[in-house]
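Chain naming follows the written order as A, B and C, and within any one chain the residues start at number 1.
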Amino acid sequence: MAANFNSADIAAFKNVWVFCEQRQGKMMPTTFELISEGRKLADELGVQLCGILLGDNVDGIAKELGGYGADKVYVCNSPLLKNYTTDGFTKVIVDTVEDLKPEILLFGASNIGRDLAPRCAARLHTGLCADCTHLDVDLDGYVNFLRTGSSLDVDNMSFESKLFDVNKNLKMTRPAFGGHLMATIVCPRFRPAMATVRPGVMKKRVYDEALANKVEIIHPAFELNAEDVQTEVLEVVKAAKKMVDLIGADFIVSVGRGISKDVEGGIKLAEQLAEELGGVVGSSRACVDAGWISADHQVGQTGKTVHPKVYVALGISGAIQHKAGMQDSECIVAVNKNDTAPIFEVADYGICGDLFKIVPLLIDSIKAAKAAK
Amino acid sequence: MDFHLTKEQLLVRKMYREFAENEVKPLAAEIDEEERFPMETVEKMAKLGMMGIYFPKEYGGAGGDVLSYAMCVEELAKVCGTTAVIVSAHTSLCCAPIFEHGTEEQKKKYLPDLCSGRKIGAFGLTEPNAGTDASGQQTTAVLEGDHYVLNGSKCFITNGNVADTFVVFAMTDKSKGNHGITAFIVEKDFPGFSQGKHEKKMGIRGSSTCDLIFEDCIVPKENLLGQEGKGFKIAMQTLDGGRIGIASQALGLGEGAIDEVVKYTQERVQFHKRLSQFQNTQFQIADMHTRMQASQFLVYSAAMKKQNHEPYSMDAAMAKLYAAESASDVTRRAVQLFGGYGYTREYPVERMMRDAKITEIYEGTSEVQRMVIASHLGVK
Amino acid sequence: MKIIVTVKQVPDTSGKVAVNPDGTLDRASMQTIINPDDMNAVEAALKLKDELGCKVVAFTMGPPPAEGMLRELMAMGVDEGVLVSAREFGGSDTYATSQIIAAAIDTYGVDDDDIILAGRQAIDGDTAQVGPQIAEKLHLPQVTYAGEIKKEGNTLTVKRMLEDGYMTIKVGTPCMITCIKELNTPRYLSVGGAFEAYSKPLSVMDYNALKDHPLIDATTIGLKGSPTNIFKSFTPPQKGVGLMLEGADKGTTDKLAGILASKHII
């Protein structure tokens, strides 16, 4: 391969970059999570954190990135970048990366991030780790993460490697095999080390106006012609109905296969309970696959990762894929007919019984408890 | 005997299982409750070649084999006895006699529509006064120029209300007894042919069962199946094949009940123990499974012999006798293991028990199977 | 015109997953299935075949038993199978895998009016990277997350799903489209198909068949050619068992509501 520019001298690569995804001139919320996480990594490496923002006249939304920790934002404006295209965005990012040589490049694992990042990684000839849920540079931080986040006996393990500097390389941790296994991936021989990061996982920092005022906005030179883009965007349509905001919800009431004997009734009960709690309705994959509820309700490995204050699982057996998306909820309540359902292994409070009988009672009890306060 | 399934058979079985689980099981309780024929399932099965599994492609069949057909009925019956018998009666009792005894013209005319499931087939032998004693046929057929005129009626005809094509038996010469019976292919639209009302049954309630009525019914001469006077032989040979289908249905019903029992007894707790932890449960299930496994060997063996054109009449009789009686026994025990819940329609085992009973009765009662087996052994 | 579909045999992660003491997956104890999103790609290909009568060729990379999966797809209507299989290809990450499959597809040949379809992602890794990376290596345009595909001449109009809506994208052949569950409902294999499947053509592309392709050399394939490496793998910790409330009546729900209220959760 010709492209050994990024493997011959990896020390030439410096700084942490975050691809700042915007749609129709509005920053995607995940970008702020990534900037916040990128700040941590940049500090661990003692380097700068840079955003790279592509669009058409998007300078106006660049400054806010500083408020979450970006030192610099590279803004690439072009009418050809107004709508996302794989070809256009890939070319500009790859050319800029080859030019400015970041050592780490992060993307949100959105439908666009997961289209763009692999294409860029393939063109750059570097490694990409998909859908990460944890990132570390410092080894100590990583070991501490494993201490609570794994079943490994970290004190009796070696983390040394003859092949690379374990204290400088990005350690990218992600679930695999539907969440049954976690894998930490490294990309020691090529730069930048690339990752897509699962939305909703990284914590957003507190916005700091003073930092926002200090951010440096740079317009790197780039070349992009109409013929570079092989696809044509005919229209961009926002979903008419409001998407369920699972990620931001404090209370989630989710339904599973247990509603099968009366699907409509089961969903209605979940809605009533969610309304009483001031939350939203979620679902297991089974219900989405069966067509009982739309995919934007899905919690789990292939759905959304949530951490509400209370997660109520109704008739959800608790397959590991589902648990992967909700087990970090602050409080988990499970109702299931089967007392051996795996959901009870992660539940703080469990009731073994028929959800169709229990939910109406629970709604009454919550009403009464609230009234008594 | 080699009981290893071929790669092709393993492939189709995988499909049958997925199809049964996703398309058939969700409807099973509903069609039973409503006594509704599941036409939508027949249309789906037709697309997948399940209505003409072992017939050659030149006649619109799927080019499969008899064992693949038996496995299809078995897998369907695991979740729905009704759907299983639709395929069995259509295939064994209508497609098969036309394929085995029809002229080239008849095969070309009738099989493509039947095998592709565009038309459904049925079989009319039983009469109010000719059940187990099928030779007592009272329906008559008289040749008048270029057509026969049929008069009489048939009863308990599976697929009767939904079928387009019927293989029907009638007396052309009463003086010759069995040798006076002749087979015909009758179309629903023939003048003088009509279907009676839907019969209300104990089990397989979604399956269509009705009388066929012939009032000076005109059947063209070219619709004579086989030869005049050979009808009884055709009927008996057809039933030999049909018994493989019904045995497969019984097999599936028993196996399906065991699947439910295994699941339920691991969930249900009494006396602080799962039912599965009680030795009675373990022994019951072991016996149930052993009976169904033995049934499967008999059924598959009969199917393979038919496929290989070996004599299989006694094998089919033994398979049906043993599978049917096992299915009745196993489904009854399944209800017992479920206890009160098993008796309710909340769970499928009571339906399976009702469905299983018919396998001891139709296409030759268990007593008839014993007669067939004994006579093959020369015990007369 | 032909349609190439890339498919993968994966362990069924929805069932019981066994993990070895060393933190690796006990693959031997697991059922394998055809990756679900790939089935949507196959269905999309077969729909186009029903409409246009074109040939559908399935490519997979994996160990020899993956032939069984290709036969199953043939029983659904796929015309031909290519099994890319060699010890040298083992241990490949998504980059190296894409490199190999792209080389295999290129060796087979891509015509101007061809379409390549892939599943969005495989359930073992959930990376969604191989489709786009094959497209990059073949220098083809890509549209991922296809929820609807319409073909007119050599132009495809694809409804590309986003989290908050969709884009409609026009793309010319040859191109790579990755398919999602919402695109269609995969058909069952048919009885007739099953009895024909084992007489359809299936070829194996091993290391020798591909080694002279410009995309293939020791530094770009297999474990050694993979830019990423696994540093550690482990199982997530199990959360401690919580409180199982007695009963399933009003008393039980009152107790739960009381606990939640006392902890100021509600």
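Just so it is clear, contacts are C-beta pairs under 8 Å (C-beta built on N, C-alpha and C of every residue); 3 or more make two chains touch, one makes a residue touch a chain.
These numbers were taken from a predicted model, which means no experiment stands behind them.
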{"item": "Chain nearest the overall Cα centroid", "value": "C"}
{"item": "Farthest-lying chain, centroid of Cα atoms versus that of chain C", "value": "B"}
{"item": "Chain pair, A-C or B-C, that carries the greater number of C-beta contacts", "value": "A-C"}
{"item": "Distance from chain B to chain A - Cα centre to Cα centre, in angstrom", "value": "55"}
{"item": "CA centroid of chain A to CA centroid of chain C, Å", "value": "21"}
{"item": "Computed distance of Cα centres, chain C from chain B, in Å", "value": "41"}
{"item": "Sites on chain A at which at least two other chains make contact", "value": "339"}
{"item": "List of chain C residues in touch with chain A within their complex", "value": "11, 13-14, 17, 19, 23-25, 93-95, 98, 123-133, 135-137, 141-145, 157, 160-172, 175, 181-182, 217, 219-220, 226-239, 241-245, 247-250, 252-254, 256-261, 263, 265-266"}
{"item": "In the complex with chain C, residue positions of chain A that touch it", "value": "1, 23, 83-84, 86-87, 90, 110-112, 114-115, 117-119, 121-123, 125-131, 146, 148-152, 161, 166, 171, 175-190, 230-239, 243, 277, 289, 295-296, 301-302, 309-310, 319-321, 324, 327, 330-333, 339, 344-354, 357-358, 361-362, 364-366, 368-370, 372-373"}
{"item": "Chain B - residues contacting chain C, complex", "value": "7-8, 11-12, 14-15, 18-19, 47-50, 53, 57, 61-64, 68, 72"}
{"item": "Contacting residues of chain C [partner chain B, same complex]", "value": "71-72, 75, 188-198"}
